[in-house]
Amino acid sequence: MSDAKPLDARARMIARAARELTAGMVVNLGIGLPTKVINHLPADLPVCLHTENGMTGIGATLPYERADRNLIDAGGAYVSPIPGSAYFDSAVSFALVRSGRLDLTMLGAFEVAQNGDLANWKIPGKFSPGAGGAIELAQKARRVVVMTTHTDRHGNPKLLQQCTLPLTAQRRVARIFTDLAVIDVTAHGFELCELATGVTVQEVTEATGAPLIVPDTDIPTF
Amino acid sequence: MSLPDKTTTIEAAVARIPDGATIMVGGFGVPGTPFTLIRELVRQGQKDLTLIKNDANETGMGIDLLIANGQVKTLISTHIGLNANAISALNSGRIRVEFCAQGILAERIRAGGAGLAAIVTDIGLGTELAEGKQVVEMNGKRLLVENALRADVALIHADRADPFGNLTYAATARNFNPLMAMAAKMVIAEVETLGPLGSLSPEAVETPGAFVDHVAELFEISEDYGIVRR
Amino acid sequence: MSDAKPLDARARMIARAARELTAGMVVNLGIGLPTKVINHLPADLPVCLHTENGMTGIGATLPYERADRNLIDAGGAYVSPIPGSAYFDSAVSFALVRSGRLDLTMLGAFEVAQNGDLANWKIPGKFSPGAGGAIELAQKARRVVVMTTHTDRHGNPKLLQQCTLPLTAQRRVARIFTDLAVIDVTAHGFELCELATGVTVQEVTEATGAPLIVPDTDIPTF
Amino acid sequence: MSLPDKTTTIEAAVARIPDGATIMVGGFGVPGTPFTLIRELVRQGQKDLTLIKNDANETGMGIDLLIANGQVKTLISTHIGLNANAISALNSGRIRVEFCAQGILAERIRAGGAGLAAIVTDIGLGTELAEGKQVVEMNGKRLLVENALRADVALIHADRADPFGNLTYAATARNFNPLMAMAAKMVIAEVETLGPLGSLSPEAVETPGAFVDHVAELFEISEDYGIVRR
């Protein structure tokens, strides 16, 4: 975040999403984009990162030369322990998720609906690798946030009135971080919270496949 | 990144327990019983407690002090045969006792800690322990649905800990402690030795600190924890 | 077993029951009399003793002076580890019992019925301390044997046509070791297998509260 | 008293596996996958296998070799996205795949190991994973009954072991291994280091030897176990 050159939209999204992690939390960062927030966390922030293959207290990702062949995260990255790390089996790992000890999970998404429904594991006929741990993370973390590009590679909105793909979990997404905006899922639908630098309200509205509540007040930028 | 510090005192931790709480208490006999937390709970006097514990300790020890002090309304347990006071409190109606097969109590607590709603088992079929329990049919067999147990508070005795609440246990002082340490909204661990972060190998940790809320070091191992000469 | 003086009936029963443990077994010995068989096992017999409070590989019982305050068996005796012992929590301990890894349990009894029903945990109105682990041991050990005096302290038979007390488990007892005899529970009821030294068939028959099948062949003594 | 010796060779252990067996295979990605046992199973060629494994490894590694060799009929798994061969075997109907939420797969295996018939959970409600599953009502809520899984054989990769079969695991190579090591009729562990009885502290043991049937030391840690450069 102290880069000299301006952050591009993706890096800005990641840096903003990283601020969602606050002191004391136990957090699971989904495979892919969400994992990148690790590089934007203050060194002295007391948070506990969890990975579903059986570890709390995830430290730095290691280059192959220094990797431990028995120490990966759920995405297969070679990680390292920190003082206070713990290893455990897959049953304990998901016990932690399902019993309410996971304060936050940040997941990727194919689609998010305005009621908080999430689809992120299956595209029938195209991509059906199995849900892995996504269903339990989405269904049981105390707070579920999504980080995703605002539209897919064809420019189609990923924030929708209703999901069209098989669901991961119903009504669980609380907030969405995109390259364009931070959007909350409220009882009344999507609500614009923050804008990416240089992005207008109209651009966000047009890129969103459902009504967007825009507050009267000044919209902060990130 | 660092990990949160959850260290506190026995007094402050127990002060968070309200009247009417459901409390899991670790231990099987003496080993693993959090005697210091229990004595502080007696001193503070919280009332109308529901306790979940393998056994009722022995007369004059552990949760017997809570029963004798009139703080216990209900006890969920597997065997109270070593505590004549508890048996007479049961017989006179001063406390209500729900008995459960020992391994099923362990599994119901573990299921609570694993965020499950229940387990399905044939244990107790054909005995009076099956009476009144919900039945489910699977593959033509009738089985019992044993609901998961969770508690407001778990009182845990651990051997070693770090400030994040990673815990290890000594010998047969494990018993119900690692299970209960997953199954309560507020988990309080009294620990014999508190070391700095990094003092426990990540492979030695038996209860990950993510399950634990408060860690209080014992600066004295009282007689309660000692050898019982019968 | 190499005592110089003759064994009394109780010691003879215990010594005979100890021979039920054979190489390779995982065995749980119930609180009380069954625990005593430990002292009659050959030092080189490869068996694994289990105690339900969370240990396999139980070694010698220790005097108070040398006891470890954190190391007891389910009966509260201070025990010791042997090379290869393991400690585990109560869920793992009973997982072992229920999943078929316990080859043998030897239990005490108030009553055993000729169909193998066992009552050993409750005498309504008199003794209701809770079943502890008895139900799971009796219901799930691969082989359940009982060690008990043949009659109660009033001389009433404990081997019956039907149990009168609340059951621990149905049709699970395979064999009974008493101070008078070794008796198998067969599809046809109790069958006399062995006689204690100096005891007659008639004495056993009279002390048994159900028909006793007596084979035509010679009855071994113990 | 001593403890039984269960040491054997990889070849002899795998030779006990019959055609048609249901086999649990430890591992999450590379760590904890029993590559040597799998390669021997490929060499011996047992057919019509049902595999239960978190993932399908990657193309050319681990159970992918069994799939490629036509030995697998059914795979029960949580995610096979890293193995294009497995996905095409699924799409072409060469293997049948049953998907399960990852933590529920872990719990179903653990339930099998704990001698339970099933667990009851709300995981998957409102998704297609709930379709066709048995439902039970508890306190007015509809919940899913997820039956316990047991197998004929479990193939386990452990770090250290003793001849009785007490096992420990390295770092995130635990994953499904301790659970599967409880849940099969015949448990075979390949181990990186086999020490004498007493070489493991009783407190360090993660899988008690009472659950394990055969222990085979690995005299070479092959490339399969190494770092994967992507």
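Order of writing sets the labels: A, B, C and D. Residues in every chain begin at 1.
Just so we're on the same page, contacts are C-beta pairs under 8 Å (C-beta built on N, C-alpha and C of every residue); 3 or more make two chains touch, one makes a residue touch a chain.
Here is each chain with its UniProt name: A, C = 3-oxoacid CoA-transferase subunit B; B, D = Acetate CoA/acetoacetate CoA-transferase alpha subunit.
Being a predicted model, the structure only gives us computed values, none of them experimental.
K.L.:
So which chain is farthest from chain D, going by the mean of the CA atoms in each chain?
P.N.:
C
K.L.:
Between chain A and chain D, tell me the centre distance in angstrom, where each centre is the average of that chain's C-alpha atoms.
P.N.:
Here the centre of chain D sits 30 Å away from the centre of chain A.
K.L.:
Roughly how many whole angstrom separate the Cα centroids of chain B and chain D?
P.N.:
32
K.L.:
Indicate the whole-number Å distance between the mean C-alpha point of chain A and the mean C-alpha point of chain C.
P.N.:
Here the centre of chain C sits 57 Å away from the centre of chain A.
K.L.:
Which residues does chain B have that touch at least 2 chains other than itself?
P.N.:
In chain B, 107, 114-116, 121-122, 170-171, 202-203 touch at least two other chains.
K.L.:
Where does chain C touch two or more other chains at once, residue-wise?
P.N.:
55, 87-88, 91, 94-95, 97-98, 140, in rising order.
K.L.:
Between which chains is there touch?
P.N.:
Every pair of chains in contact is listed here: A-B, A-D, B-C, B-D, C-D.
K.L.:
Can you list the residues on chain D that touch chain C in the complex?
P.N.:
1-5, 112-116, 150, 162-164, 166, 182-183, 185, 196-198, 200, 202-203, 205, 208-211
K.L.:
Taking the complex as given, what residues does chain A use to touch chain B?
P.N.:
Listed in rising order, the residues of chain A that touch chain B are 23-24, 26, 38, 41, 43-50, 55-59, 81-88, 91-92, 94-101, 140.
K.L.:
Could you list, by residue number, the parts of chain A that touch chain D in their complex?
P.N.:
51-55, 64, 67-74, 76, 78, 87-91, 93-95, 97-98, 128-133, 135-136, 139-140, 166-170
K.L.:
Give every residue of chain D touching chain A within the complex, in rising order.
P.N.:
28-32, 54, 77-82, 87, 90, 97, 99, 101-107, 109-110, 121-124, 126-129, 159, 170-179, 225-230
K.L.:
Contact residues on chain D for chain B in the complex?
P.N.:
By the definition above, chain D touches chain B via 107, 111, 114-122, 134, 136, 138, 141, 143, 145, 147, 168-171, 202-204.
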